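Next, two complexes with chain A in common: one pairs it with chain B, the other with chain C.
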Partner chain A sequence: MNTANLALQQTPPLSVPVRFFITAPLFGILASLLLIYIGSDIFNSRWGLNTLALTHLFTLGFVSMVMFGAILQLLPVVAGTVIPKPVLTSTIIHFLLTVGSLSLTGGFIFGYDLRIAIVLLGLSFFGFIAIVGYCLIQVKGNIIVGMRLSLLALLITGGLGIILAIRFAYGITLPLAMILVNIHLTWGLVGWVGLLIIAIAYQVVPMFQITPQYNAKLMRWLIPTLFIILLLWTLAYLWLGSNIGWISILISLGLATFVAKTLHLQIKRLRKIPDVTLDFWRVGAVGLLLSIILWIAGTIWIKLANQPFYPLLLFILFIGGFVLMVIQGMLYKIIPFLVWLHLQNQQLNPLKTMNMVRIPHMKQIIPSKLAKRQFWVYLIALSCTILALIFPNLIYLAGIILLGSFILLEYNMLKALKLYRSVLISLQ
Partner chain B sequence: MKTTIDVSQLEPCEPMERILAALPKIKTGEYLRVLHRMEPHPLYPILTQQGYSWITKTNKQPIEIYIWRSDDLVAKANIV
Partner chain C sequence: MEKTITNIFSKEHTHCDEIFARTENSVVQKQWTTADAEFNDFHTAMEKHFTAEEEILFPAFEERTGQTMGPTQVMRMEHQQMRQIFAQMQTSLAQRDNEQYLGLSETLLMLMQQHNMKEEQMLYPMTDQVFGDEATSILERIRAS
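Moving on, here comes the complex of A and B:
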């Protein structure tokens, strides 16, 4: 039995998570423009500075931006707690992350001094980790454990990222530099992003896709097990100086378990209604499965992993095919739900509401037709990017379509916020 | 006396809409029993604000939420 006693003030203002959500597609737009600018040169080097900038526009500017907003939104829902002074804190963190990401990628492209980026991103990561970590101390639950471990993974990723950026800014020669880069990107993609997606999926897949709950044992053990395997992999990598294939295969199998269970739950949906979020998640699951197969294949056949296309294809499948897919799918549920919830709360607040109006339904806030259109544009952009590995000149077309997809995503979200504002005005 | 509504197979935001629509119909001495597939955390602050109390039983699926007017001690005593 559980009795809760939350106050209405514990629902943070809509602006707290939404500022992160509407900034993310702007970074997607910048990334698309950079992709068009780099063009087929992207295939020449994994470590080119423009490629590094492109990677960080996606991982910091889009992915981490949405993840920060999602965590701030989920805290009251899963933990019954809110960050202190939510508007001020989120404004500062958002500013640091936005300007820090721009400074870092600008530094890579134009050769600016990276020291500003190091300070801004360092403050945003460690500030966010400290504040959210503090809120999570008192609470229990599988999702909470997942959020805590993904925050630890962010700490490792951010810490290593800062060390690597200092090395870059001051031209210091570091021992094991390439190993540190690989550890940084593995903790970032699998630890911070992967574990957090799994933790958030525990909450949002059953809630929004009307599936049964994830298996209790899986929810309890999967994230901590993956975290421990990642730690073992890191220690072994640092100790031996080479990637331990069987440990990285274990990580893949852990992620594959999550995909298999999610697809299984989606098949057992209680109400089988067409849903664009489900489309995003299904393609996302395929993207993750393909990247797992490629990863295992590259671990077994080193010759494959040494092919120039290999790291790019892995990156496109994991980030573009899995991470961006499921994040966009989640945005199409989280934003309409938040808009609806805040309007509902407003309507029920006698101090603020003068008129009773009909609150639009979630499906009216972002119509399925608009979301579906953006889904297809994004899917075509992704397909073109993969095909560009065979026909390099297709990369320009891929960049243009990707640009269109992020513009549509931003448009859809702004449209939802415009509707929120107009209903809010009619309530007052 | 109790009224039961089953929202366990409804998409957000329908469960909350159904629950909010059922609240004014709760009579003195009565309570509302809601069957839900997960804890409706966003509902709780609204219930507090509207003058309702609740108990959530999460030990089986679907979970049960019992809601009554905070000043109605008879309804509270009736909840098993």
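Moving on, here comes the complex of A and C:
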């Protein structure tokens, strides 16, 4: 009997998710360099091409990159399935997403033809959605519903993105361009990223911080309700040609319910020990809360929303303060665990005789001190970026510190993989 | 709450999680005597749960479905992995090495929780479905053992 194979059937090879995880900080590094290059010009236009490139380096190159890897890793645990031919599939999707993101952002900055980016990103998104969607068909549960709806949101985001990019590439002026841009970014940030984080939080917050469960009704209804409100908001926006304030307030109240419940559960957590992931998640919850308050305030006082700093602050708080926070926090759990798990599986493989080597535990794989240091550098970078809205010249310093934080993140992950290699060699 | 295999066994997971967290908190505060007792409770509760699964629940499931190489085998292997960590945790506790203990407990928590997730969301509901009304008699056997 081959227990290792059984285990391997459950866990895709380490390289499947890890290739996505180690690529993401590289995009973070590129984004920081671009931020330093743009400098205080960023405050002059929300729709400048460089700003668009910067946004997509974060959302495609970092956020979607990690999310793709995390979903491929989570499938066996939440759905009991592994994608077909995991190494080949993930190689192709990773290649398409990486080169696609580079050519899109390169296209924005240097004016290259966007058609290559459209094809590459289109293939990677639709390929990913089709494969994961297929794996999720036969399973049930709240997290599955959340994953499916967030995949649908990704489909809508990607579809709109392609329409917008085609318009850009061919110089076609669509009558609804600004509206489509707003719908595209709302589906991307609230639908794809937001819904997925909520679905994952249902599972991981009670498990890893040992808190009570999220309320069953909340788990059942919040994500589908948010999805439906997003649809209604989109239809009304397209139909009337203007943003319906109260519907967008409903969306933010839905997100507020999630964050309030999460913070409440975290207060009741039984596991009280210091934990860097918890730090990331708590600051992330505050970031989301602040962006919700700002959003509602801007919807009520149009004057506020018309201030030039408003959209930038909203982006910084939502992407930098919420999304990037929780994602980095997640990485500090996933990477050390996967390294440990794969080493352990190797050692238990009955078909091979392995040397009995003590497998390092998670805190030896990425020491808390290193993770904590990176957390603080990132937090300072974020604070500096926000302060730069008042003191524009601070943006250069913010960019440099942000660069440092992504370099540290990459360093921490590569160090873990180096340890993996060396233990693997001593096992054989 | 309905007396299904899913409910009863999931509740045991929650119970073990609670003692696990208490032990960790004591180790952080270096209250070693309390930690020793709590770890002992935790270890005993986990072993009791594993034994009920390995000796009664899984064989019954395997017999009914004819699947001996399926999900139950993966679960058994993960029990083995957890047992290895229990032993190391015990040693680190005896050596009063809190850093070592906390690194191991962090690892165990991840392993244990993804294991529990697979059981609670897939294996237990499958068992309830396979046994239907007979689930109660299996639960009786476990209680009597």
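The rule is short, and it goes like this: the second predicted complex is superposed on the first by the 418 of 428 C-alpha atoms of A that agree within 3 Å, B and C clash if a C-alpha of one lies under 4 Å from a C-alpha of the other, contacts with A are read in each partner's own complex, and residues count from 1 in each chain.
Throughout what follows, contacts are C-beta pairs under 8 Å (C-beta built on N, C-alpha and C of every residue); 3 or more make two chains touch, one makes a residue touch a chain.
Values in this document were obtained by computation on a predicted structure and should not be read as measured data.
In the superposition on chain A, contact is made by A:G141 with chain C only, not with chain B.
Using the contact criterion defined above for the overlaid structures, shared-chain residue A:K217 touches neither chain B nor chain C, since it reaches no partner.
In the superposed model, A:Q364 makes contact with chain C only, not with chain B. Contact with both chain B and chain C is seen for A:F337 once the two complexes are overlaid on the shared chain. When the two structures are aligned on the shared chain, A:G80 is found in touch with chain B and with chain C.
Of the two partner chains, chain C is the only one that A:K272 touches; chain B does not reach it. Within chain A, the residues touching chain B in one complex and chain C in the other are 1, 3, 6-7, 9-10, 77-78, 80, 207-208, 210, 270-271, 273, 333, 337, 340-341, 344, 348, 361-362. Considering their complex, residues 1, 3, 6-7, 9-10, 77-78, 80, 141, 203, 207-208, 210, 270-274, 333, 336-337, 340-341, 344, 348, 361-364 of chain A touch chain C. Partner chain B is touched in their complex by these residues of chain A: 1-11, 76-78, 80, 206-208, 210, 213, 270-271, 273, 333, 337, 340-341, 344-345, 348-349, 361-362.
Against chain A, in their complex, chain B makes its touches with residues 8-13, 16, 20, 37-39, 41-42, 44-46, 48-50, 54-59, 61. Taken together, the chain C residues at the contact with chain A in this complex read 17-18, 20-22, 24-25, 28, 69, 71, 73-74, 77, 80-81, 84, 99-100, 102-104, 106-107, 109-111, 113-114, 116-118, 121-122.
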